[in-house]
Amino acid sequence: MNIKNEPEAVRRREALKDRIEQLRRMIEIRAVEERIQALFSEGHIRGSTHLANGQEAVAVGIAKEINFRDVVTCTYRGHSHALALGASPESIIGEICGRSIGCARGIGGSMHLMAPEVGLLPTFAIVGAGIPVACGAALAAKVKKTGAIAVAIFGDGATNIGAFHESLNFASIKKLPVIFICENNLYGEYTPIQLSTPIENIAIRGSSYGIEGRIVDGQDIDAVATSISDAAQKAREGEGPTLLEMKTYRFSGHSRSDPATYRPPGELENWLKKDPIKLFSSNLIKENLASLELLEQIKIEVTRKVEKATQKVLASSEPLESEILNHVYENAETKL
Amino acid sequence: MNIKNEPEAVRRREALKDRIEQLRRMIEIRAVEERIQALFSEGHIRGSTHLANGQEAVAVGIAKEINFRDVVTCTYRGHSHALALGASPESIIGEICGRSIGCARGIGGSMHLMAPEVGLLPTFAIVGAGIPVACGAALAAKVKKTGAIAVAIFGDGATNIGAFHESLNFASIKKLPVIFICENNLYGEYTPIQLSTPIENIAIRGSSYGIEGRIVDGQDIDAVATSISDAAQKAREGEGPTLLEMKTYRFSGHSRSDPATYRPPGELENWLKKDPIKLFSSNLIKENLASLELLEQIKIEVTRKVEKATQKVLASSEPLESEILNHVYENAETKL
Amino acid sequence: MKLRMRQAVQKALDDSLASDENVIILGEDIGAAGGAFKATEGLMEKYGSLRVMDTPISEMGFLGAGVGAAIMGLKPVVEMMFIEFVGVALDQLTTQAATMRYLSRGKFSVPLVMRASASAGQGFGCQHSQTLDHWFRGTPGLKVVMPSGSRSAYGLLRAAIEDPDPVIVLEPRILYGVREEFDVDENYRQPLGKAEIIRNGEDVTLVTAGAMTSIAKAAAEICPAKIEIIDLLSIWPWDSKTIFESARKTGRIVTLEESQAASGWGGDIISKVLEQGLDFLKAPPHRITLPDAPIPYNGKLEAKYLPSPNYVSKQIAALVSTNVAPKNWWNEKL
Amino acid sequence: MKLRMRQAVQKALDDSLASDENVIILGEDIGAAGGAFKATEGLMEKYGSLRVMDTPISEMGFLGAGVGAAIMGLKPVVEMMFIEFVGVALDQLTTQAATMRYLSRGKFSVPLVMRASASAGQGFGCQHSQTLDHWFRGTPGLKVVMPSGSRSAYGLLRAAIEDPDPVIVLEPRILYGVREEFDVDENYRQPLGKAEIIRNGEDVTLVTAGAMTSIAKAAAEICPAKIEIIDLLSIWPWDSKTIFESARKTGRIVTLEESQAASGWGGDIISKVLEQGLDFLKAPPHRITLPDAPIPYNGKLEAKYLPSPNYVSKQIAALVSTNVAPKNWWNEKL
């Protein structure tokens, strides 16, 4: 690893201790993703991009409970996690727009975001591929006794792929400090889970490996946080992995080009009622931690911030052509 | 498929309806494998070979309950299954000795036995690889409405590989007529199951896919047969797959060169008490279907038969060099 | 009639499903959703969900199921959305499908087709933009083909489905939306193992395939040298006769490959051509390939990374005018 | 001291484990059992079961774990018992390990070594006898090496473990039991990317690698032509300087590869050599490869299938005396 100290990302991570900041981050994620969708339509983004709107409580709930030295692997649906873990809006929007200001200087694109200084590896574009890698990070923590844990985040569809199975078995038999987090958003691309997976709750798959499986309300940031905190403690105490199934939903289609017409009528509407931002906002108001005015103000601030980041990105340079040949190997002399 | 009618294999299969013939087949398998071990020492066999002695009840129990038009995939540990399903001793010994009399004319070797005329595909040398292939055979039966089922046979170690997981999920969601049979002989190569698999009973892995899992005494041919018959009926009635875990044991090491020193003291001795041939012999005597004299006679006949087959093999020719280039593609003109 | 390549693929599948009841298709989101690239649109509605089957995300599982179904007499066409996904399932092709006929001494065969989208140019990033024919090429028992437009996509796919052995069809993703003049003739087949000379020329033989074919054509339009273009179509086995004859005629051979040099098909072809003798050669051979780096996401960089008509024309013009093989751009300073 | 290759590998692992606490090794039956080929004997006893770790049969799982551990600063050496098993785990190498440095712009690296036994000659049949370097070769981000005996096995493995990038070490299985004179010097490294001229000759440059190296040596003993043998050692990236210079000197180039022609490394090397110009060549290039068929089990047939010293000598003698590339045996009638 060759990671510069980037205090800003760490600061953004530490800020999540505050409940208002948690809400602010969820709102920021939503705003960034909405902006990305617009940037797509405006022609600034190539390839594909995968929104996680509706799933923000999972991302922020994880980020606030784990240490910034812990390691996270997640998928192409990673805007939310990168931002929650501490990446700045411009590094994410910048990457997705292919600018040198991006977290990978525009070389990776939407499916390969990262936030190295707060533990997020470049996100994985092959379904399931990040799960064994997280186990390896957990193994390293165990061998080096760093006290760190690893977190593997993946979708419901991913639990049908071999890498999931092999990883859970491996992590269990080796008692690795890793948390397996399934974001069950009910769809793998355009296919509803009941057509790909003959069981209702992914969590029960833990029992095949002697791993505790837990069903969590992924729309409730506090429920998410509690489950993570328990699993993290268990992992740090050497008690091995946990499988957490976050019941959640993506409000958009699978990727930018998907209008999600395959949804049964009413389904989206029902889930919109469980919008994690709305739920958390109401809770904060009930707890007297926030007022409607504060919420309004946060929204305005966040919108302004995201717009500023966007403009910064759009004004920023494209990467140099020399980047193409950089970082293939460390030692250039062994290259042909 | 391009399968000649080989009435002898079918006849050998049909013969298993008779209980005495079941016993005879188990004894034959044991004798063939002992002969193979000797042929190895005598330098007639190259590479590796994997005995299944101790596991004969599983092989014969399966073979007697399924139809010869059903399809079977199994592993490199396949002598027992090939013989049980109907392959002749000389086709198996011949293949393992690399002679043209072998079931694959000496081209395949020990890990790639087959008995096409009674449904056994060339056995699979890559752990887990035969499981999705069996699902495909089941899918073909379903599409073509042939009424056939498929059987995938694999080890306990194989249940930790991705192909196992993907296949069970796929078969369940598509309700394929397939039976998954795990021969749990407590070891994967030199590693005891408890060091690779954090659960005691493989059968519970079915629950991750909504598949019934059943633990079966693999030393008791009748228990094996009942479980197969139930699962086969279920499959034929369109009720989908079953996972059967046969608790069994291999009396020899993993492969010819393994003295199996990793076994805890007493373990082999305990399992030898559950020798499936002895158990079945006693049962037949109790049922008044066999006498000690008959058993003696069967042993003598089988020994003679196996020795005759062996001599035939040793007197037979090696394959022609032209076999090297045959059967790579059907249409030779598209070859370079 | 102008047909997009995705329509040609869809038509080839439709016609195959209609004419042979043993044909089935399997893949992720190919049924209800009509495929990630819409190459299977309407087929599930027409043929039912047993013959046009959506699968879980389990490439090893459903590719292996394709192998098993093929052994039992079906003709499965398995779709891999992106060729990279075979990285989690390669064994079923290179080890199982490839050796089944050999090991069974002809008793079992695997008339399987695996179609996958491949190749670059659309900003999908370095894990969704490769060609990867080298994972399969040269594996005894497998065949690998790559269409270059609607006509060859139709013809190759139908031939592949009818072929008695496993065939891998690599469809250049960037061509799915491109229209090509092609009046579908249901009897049209592109024979496996045969290349096509798609432009005649005297100065140099340019062998190419897939998405690079149109780059080659555009390059030939602007190049001072007279280029004879061979569209390989079958990557393996390849058509040595057509290539040898053309190279003998022009005296120069260049390959244009959407691969790194160490993994591309050009090395085998060039070494085989030159093994025939050196007398007919007016210049050394030359390979135009990708640089030894993953593909970048940014559009400007991706465009630099991929061979352009200008670059190809320049390289070939240099070869023909000097009879010295030019350097690649990445050997110069950027 | 005469050392078997398995002992050299064991010693390289032992010395690496001793000198760098970040080195760990992972694989099936490598711990308690000492490895299927006894190349890890005694290491678990010495370093404990956390640094020398037996794994379940889950190649994707433990290879991926190796990738993750490497990213976090360990130097894992993952053993694949037979190279074919990577068919169920390829993604972790070619997609994940290979692109990690590139995608992270140098922030993360993957100092992983994957060792695998490879190559033929012992009757393991067609699914346990291949070399398969083409699955990895030319993948930007990966390196591939192949020792030819005890000395290079030690030197390459130590260099690979110290290398900051993922390296695949293909160990010819047939050499595990073969003794070679080699006094272990713990400082000995075989630099990655460098070939070795192991025999000087004037008539022809013979490039080879792995188990074929000893075939080449034996062939040179009996061949009337004076053969210069280059042991490639690094399959990718390969040492163009050494090969170009030798080919320039001898004027003839032949490769001896334990691969099919369409997948072997020889095509890339020969085309690159010839791109340098044709003037220095006295004869066309020639590749000695495997036939386009899986390998048969039977010993007589396996011996025919693999290049023998006699066959190699005959082919090279024909090339040198006639300056015409000879045919391969499978192009003649058997």
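The chains carry the letters A, B, C and D, assigned in the order they are written, with residues numbered from 1 in each.
In the analysis below, a residue touches a chain if its C-beta (ideal position, glycine included) is under 8 Å from a C-beta of that chain, and two chains touch if they have at least 3 such contacts.
Nothing here was measured: the structure is a model prediction, and the numbers come from that model.
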item: Most distant chain from subunit C by Cα centroid; value: B
item: Chain pair, A-C or B-C, that carries the greater number of C-beta contacts; value: B-C
item: Length of the line joining the C-alpha centres of subunit B and subunit D, rounded to whole Å; value: 35
item: Whole-Å gap separating subunit B and subunit C, where each centre is the average of the chain's CA atoms; value: 40
item: Whole-Å gap between the CA centroids of subunit A and subunit B; value: 46
item: Junction residues of subunit C, two or more chains touched; value: 55-56, 58-61, 84, 87-88, 91, 95, 99, 102-103, 126-127, 140-141, 237-238, 261-262, 292-294
item: Of all residues in subunit B, the ones touching two or more other chains; value: 107-108, 112, 126, 129, 160-163, 165-166, 169, 173, 195-197, 328, 335-336
item: Of subunit A, residues touching subunit C in the complex; value: 45-48, 98-99, 106-112, 125-129, 157-158, 160-163, 188-191, 195-197, 262, 318-325, 328, 335-336
item: Touching residues (chain side subunit A, partner subunit B) in the complex; value: 160-166, 169, 172-173, 195-199, 204-205, 207-211
item: Contact footprint of subunit C on subunit B as seen in their complex; value: 1-3, 71, 73, 104-105, 107-108, 112, 114, 116, 121-122, 124, 126, 129, 131-144, 150, 162-163, 165-167, 169-170, 173-174, 326-331, 333-336
item: Contact footprint of subunit D on subunit C as seen in their complex; value: 60, 84, 87-88, 90-91, 94-95, 98-99, 102-103, 126-127, 134-135, 137-141, 236-238, 259-272, 274-278, 281, 283-287, 292-294, 324-325
item: Partner subunit B, residues of subunit C touching it in the complex; value: 22, 24, 50-51, 53, 55-56, 58-74, 76, 88, 91-92, 95-96, 99-109, 140-141, 143, 163-165, 192-193, 237-238, 240
